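In the two assemblies presented below, chain A is common to both, partnered first by chain B and then by chain C.
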Partner chain A sequence: MSARVDTLLWLMQRASAMILGVAVAVHLGVIVRAVRGGVTAHEIIERLQGNTAWFAFYVVFAAAVAVHGSIGLRTVLREMTPLPTRLIDSVTVILVIVLISMGWRAVAGLYGFGT
Partner chain B sequence: MVATLNVSIWRGGERGKFVSYEVPSRDDQTVLDVITHVQRHIDPTLTYRFACRVGMCGSCAMTVNGTPRWTCRTHVSRVTGTGRLEIAPLQNLKVLKDLCVDMTAFFDKWARAKGAFVATAEKGADFVRIKPDGRRRRQADAAIECIGCAVCYASCDVVTWNKDYLGPAALNRAWTLVNDDRDGGNKARLAAVAGDAGCHSCHSHQSCGELCPKHLNPTASIAGLKRATVLALLKGAL
Partner chain C sequence: MRRGRLIAASRNHPTYWAFVVHRLSGVLLTLFLPAHFYVLSLAIRGEASLDGFLKWTDNPLVKAAETGLIILLAAHLTGGLRLLALEFLPWRDWQKSMVALSGGVSVAIGLLFLLNAF
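After this line comes the complex of A and B, so read on.
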């Protein structure tokens, strides 16, 4: 059981890292462009609303952040604290759910759901 | 007048201390020569471990100036750039006395990583023909010359953090068997090395490869195990 779970988590960590490698670069590029262009938050939201490509990008980006960050934190807690494994695994599951919920809620808001 | 060398050697158990000795300084002197001089001419109660003196047996590894090394093949002139020579037992293993550590945990992990060959051939069977230049044979060749000195184990940060971590040597051994066409134990072996104290815990710091006296690269072997366990997982064989 542990062998399968640990191998799966390792695979998910590497896969999410690959996504983040591209997504973070795009995200930073967009931020730099927006800042240098002097666009306002309002203008940015206007451009994103209804744009399916950016919506898909940020859905994947937010999920990758949640998965990568949670698995990474699990590793740190397991190596650096005496906390029991079950507690750490529970914290990991809760964290990934919270991060994905927050991320997707923000993405939905930018896309314009509910407006 | 004979030139002398000042050497600090760890004495006692886990709560011991460094004691300084003056030994003759000679050309082409190894660190093991220095320790042997102290034991034979200054203090016969000094405990240390060695056997072959030619880099084959893997029994004389110690911490030399803070770095794990095989002492029989380490010349004093190579490690005393600052004029200091400090010899301590290997890290990450329990100190028994002076420079001697308990290797039990180290070798128990070879067994836990399923480091024993599992024969599949019946009695009287013909020899298995393995091409020397085959991919799996070359991967095994790259990792096979381990002498079990525990230098990699002593230098591994993950072993320091997680006492259950199998360590570079045991995982390197498992990788040689994963690539052995004659072996039949890979299902159990991959399950054994894929747990939370196995190959996926490696942070690829590469101290093991940097310090291995045989110039092996256990980090590469562990990376191979990571790939093999992922493939096994995707095939439903883990």
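After this line comes the complex of A and C, so read on.
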């Protein structure tokens, strides 16, 4: 992997961290508030269904977390395991695709619920 | 043997432990993500499907595990903000206190969750 790609991944890691700094703080606030009196599917769906602002928030959040988590795991695997770089890079690419797909699928499902 | 003890001693300071917590929480949270997304996508099958799972989370043991996850998320957030401050802001003396601050804020968020969950 070239130094250029490593630099790009470092930048993506920091850029996604900055997005997540805000998104995770909002997410923690929502969780702490929502858990009062128990979480129900109805509450979750009611908040997201047809709400474009929450939809946009979670689309960006899911993408940022997928990129951040995958690059972070790549760094840990490269620094702390003897696994070949090519294998680690393949795992990273697969992981980012799987996480974005699963995240966006959940967000789209909740946003368009019942349609 | 002596070298091992020297390495252990050199690592036994708050910023090294902050590094360990950040790494460990990052890996655990990433591994948790597919399960989290899967559970949320249960709503696609209908409200009852997601509610069936959410009922299971009423179990006190699950709530305790959730509290652990919240603390991990808060610790990764506050530890990450500390790293961003170190990397992108000019050095200030208050940055030395950020390990303690991030630990305190993480536990406080965990307790807040716990108080609301029960």
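Just so it is clear, the second predicted complex is superposed on the first by the 108 of 115 C-alpha atoms of A that agree within 3 Å, B and C clash if a C-alpha of one lies under 4 Å from a C-alpha of the other, contacts with A are read in each partner's own complex, and residues count from 1 in each chain.
Throughout what follows, contacts are C-beta pairs under 8 Å (C-beta built on N, C-alpha and C of every residue); 3 or more make two chains touch, one makes a residue touch a chain.
Computed from a prediction, not measured in an experiment: that's the story for all the values here.
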Task: Partner chain in contact with A:I45 - chain B first, chain C second, else both or neither - done: second
- [ ] Would you mind checking which one, chain B or chain C, touches more residues on chain A?
- [x] C
TODO: Give one of first, second, both or neither to describe whether A:R105 is in contact with chain B, with chain C, with both, or with none.
DONE: second
TODO: Could you tell me if A:I31 is touching chain B, chain C, both of them or neither one (first, second, both, neither)?
DONE: second
Open item on the list: Going by the contact rule set out at the top, does A:A53 touch chain B (first), chain C (second), both, or neither?
Closed with: neither
TODO: Please indicate which partner A:L8 is in contact with in the superposed arrangement: first for chain B, second for chain C, both, or neither.
DONE: first
Task: In the complex, chain C residues that touch chain A - done: 23, 26-27, 29-30, 33-34, 37-38, 40-41, 43-44, 47-51, 54, 57-58, 70, 73-74, 76-77, 80-81, 83-84, 87-88, 109, 112-113, 116-117
TODO: State the interface residues of chain A toward chain C in the complex, per the touch definition above.
DONE: 14, 17-18, 20-21, 24-25, 27-28, 31-33, 35-36, 38-42, 44-45, 62, 65-66, 69-70, 72-73, 76, 95, 98-99, 102-103, 105-107, 109-110, 113
TODO: Sort out for me which residues of chain A touch chain B in the complex.
DONE: 2-4, 6-11, 78-80, 85
Task: List of chain B residues in touch with chain A within their complex - done: 158, 161-162, 190-192, 194-196, 198, 200-201, 226, 229-230, 232-233, 238
